[in-house]
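Two complexes follow with subunit A in common, the first pairing it with subunit B and the second with subunit C.
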Partner chain A sequence: MAVRAVLEWLNSCSGCEIAILNIGEALIPLVSEHLDIVHAPILMDHKCLGQCGEGSEIEIPEADIGIVSGGVANTEHLEVLLAMREKCRLLIALGTCATHGGIPALMNGQGLGEGIKGVFATSGTDPCSVPDVGVPAALDRVYACDEKVRIDLFLPGCPPNPALIAEVLTAVAQGRDPVQPGKSVCDTCQVLREGKGAVSKVRRFLVNADYNAEEPVQRMRCLLEQGFMCMGPVTAAGCAAAGLPPSCIRVGVPCRGCFGPVRRDGNQMLDMMNALASNGIDFKSVVDRRSLLRFSGAHGLLRQIRTRPVRERG
Partner chain B sequence: MGFEPKIIAFCCNWCSYAAADLAGTSRIQYPHNVRIIRVMCSGMVHPELVLDALSHGADGVMVIGCHLGECHYQDGNHKALARSDMITELLDDMGYENERYSISWVSSSEPDRLARAFTNMTERIRKMGPVDLQNPAGQ
Partner chain C sequence: MGKVIQISPITRIEGHAKIAIHLDDRGDVRDTFLHITSLRGFEKFVEGRPAEEIPRIVTRICGICPWMHHLAASKAVDAAFGVTPPPAGSLLREICQLLAHISDKILHFFFLAAPDFVLGPDADYSVRNVMGIVKAAPDLAARIVKMRQLGQMMLERFAGRAIHPVAGVVGGFSRPMLEQERQELLRDAGTLLDFSCYALDFAKDTVFAKYMDVFQEMGTITTGFLGTVDRTSGALRLYDGRQRLMKADGSCTNFEGDSYTDHIGEHVEAWSFGKMPYAKSWQEGFSLDPAAPAGIYRANTLARINVCDGISTPRAQAALEEFRMAFGRPAQQTILYHYARLIELIYVCERVMELLQRPEVTDTRIRAEAGPKAGRGVGIVEAPRGTLIHDYTTDRNGCITKANLIVGTTHNIAPMHMSVKQAATSLIRGGVYDQGILNRIEMAVRAYDP
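On to the complex of A and B.
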């Protein structure tokens, strides 16, 4: 018997939904045999506030599986998320925004007011403040879904790996535990490692890495050993199909950390800085270290920089 | 009652913890605000432990190891030192004053030095007051 599934998107770009479609041909047997998707505002024409937004109550059908993408940034997101939790037996957070805040949580590093000022009230636009009429009120910061409700399964990635989504959906439909990668990007990386020690500074990826595009990536030297800021050591694996090198590194680009920390409650910036410092690399060579939390700034990890109160001496 | 700070001190097994032992048997007094946690080496104190302590109610964190060059594991305290510069900088990012963290070196025969480090840190934190997060986690 098919299990009922509902999808919802919160503070999201729809990339996660595209990743679901990217399951490709395997999606057809999945939806025809295992899944009965009854509500998916971005993929199907069923909305939660009536078809033309005329409703006043959020209506989400009861389901066995709920999939939410995106973090929680305003009161509407929160309301939808709470409704999802109420109606779904098993709630899956899909994508790094839902699991760790994702790119929108970069806002937490400067606060809502500064964020609005820096983005919408620049010299080329009209002066404005945080909008409060006709739109849902913004929350004080951007939250990951598990900060607001209980989440049963986490599927990070920006975008998530379609193969992993398929595995999780199939496993849930068959009533078994899904197999998810638990290692770091480095653990699944196959580049040449010749030993650390030669590097004393890391640089940004402003020039190409040293590699030959004709040769397989297994002949390329580790990007961190080449001195590039690669977040492989502190990022969860899963971006590539099993057996293949991580997606970005496969094309000679350092990992940016889009799958979030290896342990779910890890701190990518702290772990990376710790790894650099204890291997004798100058941690001050990291330009804008707070951006190492670019994908995982929720859970209170990315905060406004402390303005120090002036202390009286004496 | 005035503010009594809670201070977590990570002491290495070979030098500073032995010094704390000796301070006890020599009846040297130091403030009761310090809670000692024994670790095998100051080089194994991950920055996450420091932040964890602060976010769970500690007002200050100390890491105390062997004198540089005298580490039982050759270079563990050099690692701790490299990390401590980083921790000091990162505490600001995380919303804590960096004076809440300190690193010092005490050999197993210097209980006075240990007691002095404890007293200084306690006085420093007592003046600073409790952790006041402008943007506390989980709220």
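On to the complex of A and C.
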């Protein structure tokens, strides 16, 4: 029997939903035999406020599994997420925004409210105040989904890997535990490593890596050993297509951590600083260290820098 | 106070929005609102980041068109750092942009919009979707799934990632194209060109003839148009060229991208997080009144097809000539966005084949060395949803101090709001409406592919 599924997206870009579509031809039997999708705004017309638009509270149908992408940044996201939790037996956080805040949680570095004010005060924008009619109010910061509700399964990635999504959906339909990677990007990277090199500082990515595209990637020297900042050591594996190197490194571009930390509660910035220091590399050579948390700034990791010290009362 | 009908959320679109239709005591439409409910704040949180990282951050503005943001940002950072990519670097970027347009157009027309046409606007909501097409027309479904996937896999094979790409870099591209890859891409692009010609024929038979009336009943809005054209020939361009702003009467102004603020202003209404760009240079202000719009222009496929003097590839040019013969220039009916989208699909397939046959495409000089410096750069590409503008200012460390982004879809927020108002006012009278009518109002939004 088909498994009832609902999909929702919160503070997201729809890349996760495109990753689902990128399962490709295997998606046809999945949606026609194994999954009965009863709510998914990007694909179908089930409405949250009734089909004739007269409801007053967000309504999500009962389902065996719920798949939610995006973090939580406003009151509407929170309402939808709570409704999902209430109605779904198994709730899956899909993509790094849902699991760790993702790129939009960079906003936590300057404060969500302040940032939004700034958006409406750019020089090209006609004078205005922040819209507040019929649009949801912002929360105090961008949250990962598990900061607000219990999440049963985490499937990070920006975007998540279509093959892993297919594995999770198939496993759930078959009632077994899905197989998920538990290693780091480095652990799964086939590039040539020669051990500790002569690198004392990391470089910005302003020239291409030294490699010959005609040769297999196994002949390319590790990008970190070439002196480029590469977050492979502190990033969860999973981006690579079957049998291939990690997706960025395959095209000669260093990793920036889009699958989030290797251990779910890890801190990619601190872990990377440690990784650099233990290899004798000066971590101060990293420009904009806080952006090492660019994919995982939720869970209170990326905070607003106070420009003035807070004076204690008394 | 009469009642309020909430279409929440608008479905089968690629973002977060809802429609509120306010009725008066007689049940006629008093007012409508297109609320854009999502706001993430990219313009602010890119501040302080090293500029060369921006092309791989702003991709997350849109997971459907990440290549567009990736490349507009790459071009903007090139300009801020004062570096020009070698010819092959630019060529590889454009090829990727075209491939991304292919999957995007197939996605929008067949996966998101077509259920209204194949299954009908009044079909039950539970089947009026791509899963419904899988059941009702399995052969068509298998073909569209395969073709969209082919476009995505061409990108993934060559550039590592189809979604949230990284291969475009300041100064050019991160890897060269190998001869074998070139041949494989050329073969697959040929398959997609055949499909694109089929897609236009399919739509002419099953959509335009049948649904012109449905759209006609909803009323037409009359606006100007914005797009990008070749600097010398005035032909349709997607990766580079200059911008052309056309008034509703067909008269045009051309401008270079870095002067966009002289021509485009951004207006904000209290009921939408989406800023509404308008034609500041027309000096008529901003009004959303469908009967007397001011400053309103549209972007995206219909706009590009209207503003261009022609298309440089033969099959798309033939389709354009037929289109103009039937609908004139500029064509205003919103349903024609779909038609224009399919003409563009033919163009991007033909164009990618043309570029893949240029000898310099496999050149290994693909990236010029860039150094961080203070500057400002504007990068513009035509995204599927409209003219995409990225504008960055950097400090002497090459980090971002200021950013302004005008995202393709936002050009159409004001026109979509007007189309919704037109459609709702025409279709809802005396408090009588049903799911089919509400879906027709959404169809007016869907045509814009927001």
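In this text, the second predicted complex is superposed on the first by the 287 of 314 C-alpha atoms of A that agree within 3 Å, B and C clash if a C-alpha of one lies under 4 Å from a C-alpha of the other, contacts with A are read in each partner's own complex, and residues count from 1 in each chain.
Keep in mind that, in the parts below, contacts are C-beta pairs under 8 Å (C-beta built on N, C-alpha and C of every residue); 3 or more make two chains touch, one makes a residue touch a chain.
Fair warning: this is a prediction, and the values are worked out from it, not measured in the lab.
> Considering only the touch criterion stated at the top, classify A:P216 as touching first (subunit B), second (subunit C), both, or neither.
neither
> Who does A:L270 touch here: subunit B (first), subunit C (second), both, or neither?
A:L270: touches subunit B, not subunit C.
> Identify the partner contact of A:R289: answer first if only subunit B is touched, second if only subunit C is, both if each is, neither if none is.
The first partner, subunit B, only.
> After superposing on the shared chain, does subunit C or subunit B touch more subunit A residues?
Of the two chains, more subunit A residues are contacted by C.
> State whether A:Q304 touches subunit B only (first), subunit C only (second), both chains, or neither.
First partner only.
> What part of subunit A is shared between its subunit B contacts and its subunit C contacts?
none
> Which bits of subunit A are touching subunit B when the two form their complex?
Interface residues on subunit A, with respect to subunit B: 111, 147, 267, 269-271, 273-274, 276-278, 280, 283-284, 289-290, 299-301, 303-308.
> Give every residue of subunit A touching subunit C within the complex, in rising order.
Within the complex, subunit A touches subunit C at residues 9, 11-19, 21-22, 24-25, 27-28, 31-32, 37-38, 41-49, 51-55, 73-74, 76, 102-104, 106-107, 109-110, 112, 115-116, 118-120, 122-126, 128-129, 131-136, 138, 158-159, 204-209, 213-214, 241, 247-248, 250-253, 256, 258, 287-288, 291, 294.
> Give every residue of subunit C touching subunit A within the complex, in rising order.
Touching subunit A from subunit C are residues 3, 5-9, 11-16, 18, 20-21, 33, 35-41, 43-50, 52-53, 56-57, 60-64, 66, 107, 111-112, 125-126, 128-131, 134-135, 141-142, 145-146, 148-149, 152-153, 156, 159-164, 166-167, 169-171, 174-176, 178, 261, 264-273, 275, 286, 364, 366-367, 369-372, 391, 397-399, 402, 404, 406, 433-435, 438-439, 442.
> Show which residues of subunit B lie in contact with subunit A when the two form their complex.
Residues 43, 46-48, 51, 79, 82-83, 85-86, 89-90, 92-97, 134-139 of subunit B touch subunit A in their complex.
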